[in-house]
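In what follows, structures are represented as C-alpha cells.
Next come two complexes built around chain A: one with chain B, the other with chain C.
Coming up: the complex of A and B.
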C-alpha cells in the first residue's frame, strides 16, 4: 500500500514539475510574441550584411580563385551557402542578453528570488530561452524561408539524410553549448561585479573564431589546428561545415562526440559555478 | 565671430569633462581602448588572410593590398571619429527622449542640436584613430615605393584627402542625426540603431564589389540615393589611385564627378539632417513625470 502512495507522490511531483515548466514556457512565449512586428523586421535586416558578404566574396573570387574555381577549398556558391547557414547556426547558438541578465540579477540582488523560491535559476532561464527561441523561429521562419528561397541557387546539392541528421544534431548542441557557455560567463558575476568587458572579449573572440565572420578553413593550418581545439567553433562554423560536406565519416562522428563532451563540460561547470557562487553570495537589505 | 568662440569654448569644456570622467575609471578606459582596437586589428587580420590568396579584391578594380590598406585606414579614421564624438551622444539621445530629460536640454540657452550631439566624447575610441594614421602611413609608403607604377602624391591630393575625410564624417553625422531624430517620433528605437549598423555596413567596402545585374543598382542606390558609399570610397580612391583618366587626361571630369558630387551630397545631407532634427523637436511632447 505504501508503495502506491510513494508512486502517486512521485507521479504527482513529476506532473507538477511539468506543469510548472509548461507555465514558465508559456508565459515567456507570450511575452516574446508581443513585439512580433519589430522582431520580423529585425530578422530581415539581419540578412543585410550577407548581401555585402555575397558581393565581397564575389570580388575576391573574381581575382583569386584557382582553375577549378575554388578558394580555400570552397567554391563561390559554397562560400555564400556557408554564410547563409551560419545565420541559421547563429539563430540557434546566440544568446542575446543572457550573461548580462544573470550578472545584473546578481549585482542588483534580484537573484535572491531564486534562492527563496523553489525555482532553479539555470533551469528557469533555460526554459525562458527555449521559449524565446521558439517565438523567434515562429516569426523568423518567413524571412528565413524567403531569403533561402531567393538564394536557392547557391546550394548545389542537398546532403544525404545521415549528414542532415548530424547537421540538426550540431544545431541543437550549438544551442545548448551557447546557453551554458554564456550562463557561465554571467555566473562569473558572483566573483566580479562587472562582466561587461569579459563579455565583450568573448563576443569579439566568438565573432572571429567561431566562424561567424569567415569559414575557419581560411586560417593557416597551424592556427586552424589550435582554433579547432576551442569550443567556439560549434557556435557557428560546425553546422554549416557539416551541411556542406567539409566534415565527413569518422571525423564527423568524433567531432560530434567531442562537441557532446564540451556540452557536458559546460553543463557541469555552470552547476559548479552556481553552487559555489551562491555560497559566496551575500544579499543585504530588502 | 563671438558665437563661434563661445561654442568652441563649450566644446572644449565637453572634451575636458569627458576626459576627466574617462580618467576617473582608468582601468575601464584601457579595457575599452584594447577592446576597440582589437576589433580593428582582427578585421585587418581577416583581409591579410584574404590577400594571401588573391592579388586584388575585384578583378581590375585596382584594390591591391597596399591600396586596400589605405581604404581600410580611411574607414577606420572615419568610424573612429564617429564613434568618439557622435555615437555616445546618439545613444544617450533616445534615452533623453524616453526619460523626458530632453526638457533640461531644451531649456539651456544654446543650440539644442549642438548640445545633444557634442556633449559626450568617448576618448577611448580615438585609439583607433591613431592606429589608422599608422596604417595609412604604412600603405602610402608601400604605394609610393612600389616597383611597378609607384604612386606619385601631388600636394593637392594631400590637401584634398583630409578635406574629403571630413566630408565623409559630416555625412555619417547627418545620417546619425536623422536616425536619432526619428526616435522623437517613435519613442524608443532599438531597431533603428541596428539599422544604422546595417546601413553603414554597406559603406565599408570598395564600391567596385557591387557589380553585375544585382550589384550595379545597389551601387547606384548607395552612391546617389543614400550616398553612404561615397563616404569612404571617394577619399580612399583619391589617395590610392589619384583621379585621372588613364587614357585621356582631357576627360578629367569623368573621374572627378564623384568627388564633386560628394561635396554637394555632404552639404545637402547636413542641411537635411538639421531640418529633420528641428522638425522632430517641434513634435517633442516630453514624458509625463
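Coming up: the complex of A and C.
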C-alpha cells in the first residue's frame, strides 16, 4: 500500500519535472523566435565561410599535395568533407553568449531571481540552450541539407550504422561538454566578475586545438599527444573524424569513454563551482 | 512563535578600495586594499504573522541586505534567522515556494514575451494547479487592472505597468511572506497610489506578512503599522509611525489667513516665522506651546482661518536620520530610543 503511494508520488514528481522542463523549453523557443528577422539572417550568414574555406583548402592542396594527392593523410575531398562535418559538430558544441551571459547575471545581480525561485540555474539555462539549438536547427536544416547535397561529391562513402551511431553519440556529448565547459567559465564570474579575457583564451585555444581550423592529425605527434588528453578535441574534431573513419575499433570505444569521463568531470565541476560560488556571492548590484 | 526571528545577525562585506585616478587603478592591480563594511550589525528582530512592517533608513543603511538575508540570496557573517521554520540561505525548495521577493529595480519577467508567458512558467515552477492559477490570475489582474496588458511584450509596458506585472508574478503562488524592496521606485504619484491601494487591500484580504523598504514616506504612512528604522546596519527604532512623529517632531506648523493686508506686528514673538505672504502667514511653534500660541493670535489679530499641521513626514524622517547618524555617546534627553516592543 505505502509502496504504491511512494510510487505515485515519485511518478508525480517526475511528471511535474517534465512539465517544468517543457514549459521552460517552450518559452525559450518563443523568446528565440521573437526577433525573427535578426535570427534568420544570423543563422544563414554562418554558411558564408564555407565557400572561402573550400577555395582555401583547394589552394593549399594545389601547392603542397603529395604524389598520391594527399596532405597529412587527407585527400582534398576528405578535407572538404572534414570541414563540412566540423561545421555540423560546432553547431552542436558552440555556446554563443553562455559564459558571458552567466557572468553578466552574476555581476548585475540578476542571478538573484534563480536563487529565490525553486529552480536550478544550471538546469534552467541548459533547457534554454536546447531551445536555442532547436530554433537554430529548425532554420538551418534546409540550408545545411542543401550544402551537403551540393557537396555530396566530397563524401566518398557513408559510414556503417555502428559508426554513424558513434558519430551521433559524439555530437550529443559534444553539445553537453560544450555546455558544461562554458558554464564553468561563466561561473568563474563569482570570483572575478568579468570573464571576457578568460573566454577569449578559451576561444583561441579552442579555435586551434579543437580541430575547428584544421584536422588535428596535421599536428606533429608530440603536440598531438598533449591535445589528445584535452577535452577540446571533442568540440569539433572528434565527430567528423569518426564519420570519416579516422578512428575505428577499440580506439573509438576508448575515445568515447574518455569523452564521457570529461563530460562527467565538467558536470561535477559546474555543480561544485555553483555551490561555492553562491556561498561567496554577496548580492552585487543593489 | 514569530514567523520571522532574527537573532544577532551580522553581515560584513569586503569592499575593495580603489585609489583615485588611473594610477590608483594601476596600483590596484598589484596590491588591493579592502575595507570591512558592516552592512548589518547585531540585528535582532521579530515579526509576527500578518504584520506589515516598513524598513526605514538612509541609503546604504542595510535594509536591502537584510531583505537579501531573509530571502536567502546571501549568507550572513554570523547570527541566525528563522523564517517559518526554515533557514533562508539553505534555499530549500519548500521555503522558496512560500515567499516572494519583489525588487523595484530588477526585472524578473521575460523581457521580449508577454507577461502571461512568464506567469505560465511560474505556474509550473511553483506547481500551481490550473484552477487555482486561473482564479488567482483573474483576481490579481482585476485588482491591478492589467487584464488588457497580459498579452503585450513586457518591454512595451510602462514602468508602472511592469511593476504591476512583477507583483502579479510574485503573488501567483500565494506566498505567505512578501519582501518588497522599493516597489514604487521611479513611479509617478498615481501609479504609486495604485500600488499602495493594492498592497493594502491584498494584505488585509490574505493576511500575509509583508516587509517593505521604501523611500517614499507616503508608502509607509499608507501601509505600515510598524516601522523599523535601520541606520549603519543597526536597529535604531522599532514601533509605530505615530510614536516616531511624537519623538522627532517637536514642532507644528500653524497657517493663518488674516483679514487684513497690512503687515502684522509681533509675529516673531509667537514662534519661528516661516513665510509671510499676506494675507497668509506660516509659523513654526513648539508642540507644547501650540494652544497658548493660538489664543494669543486670537487676541492680537483678526483671523479668517487657521490650520495646525504636523511637520511633513519627510522632514520628520530626515530629523530621525540626522539624529541617528550622530555618535551615540552624547547625553541628549532624546538619545535613548528604546524599542517599544
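Keep this in mind: the second predicted complex is superposed on the first by the 268 of 286 C-alpha atoms of A that agree within 3 Å, B and C clash if a C-alpha of one lies under 4 Å from a C-alpha of the other, contacts with A are read in each partner's own complex, and residues count from 1 in each chain.
In the analysis below, a residue touches a chain if its C-beta (ideal position, glycine included) is under 8 Å from a C-beta of that chain, and two chains touch if they have at least 3 such contacts.
Everything quoted here is computed from the prediction, not taken from an experiment.
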Touched partner set for A:119, first chain B, second chain C, both or neither: second
Which of chain B and chain C A:109 touches, first, second, both or neither: second
Touched partner set for A:200, first chain B, second chain C, both or neither: first
Partner chain in contact with A:48 - chain B first, chain C second, else both or neither: first
Contacts of A:31 with chain B and chain C, given as first, second, both or neither: second
Partner chain in contact with A:265 - chain B first, chain C second, else both or neither: neither
Which of chain B and chain C A:71 touches, first, second, both or neither: first
Touched partner set for A:155, first chain B, second chain C, both or neither: neither
Greater residue coverage of chain A in the superposed arrangement, chain B or chain C: B
Partner chain in contact with A:23 - chain B first, chain C second, else both or neither: second
Doubly contacted chain A residues - partners chain C and chain B: none
Residue numbers on chain B that touch chain A, as the complex places them: 28, 31-32, 35, 38-39, 42, 45-46, 49-50, 53-59, 61, 190-191, 194-195, 198-199, 201-202, 204-206, 208-212, 215, 218
Footprint of chain B on chain A - complex, ascending: 38, 41-42, 45-46, 48-49, 51-52, 55-56, 58-60, 62-64, 71-72, 197, 200-201, 204, 207-208, 213-214, 218-220
Complex interface listing, chain A residues touching chain C: 16, 19-20, 23-24, 27, 30-31, 34-35, 109-110, 112-113, 115-119, 279, 281-283, 286
In the complex, chain C residues that touch chain A: 13, 64-65, 68, 71-75, 91, 93, 96-97, 99-101, 103, 105-106, 108, 110, 112-113, 117-118, 120-121, 123-127, 153, 181
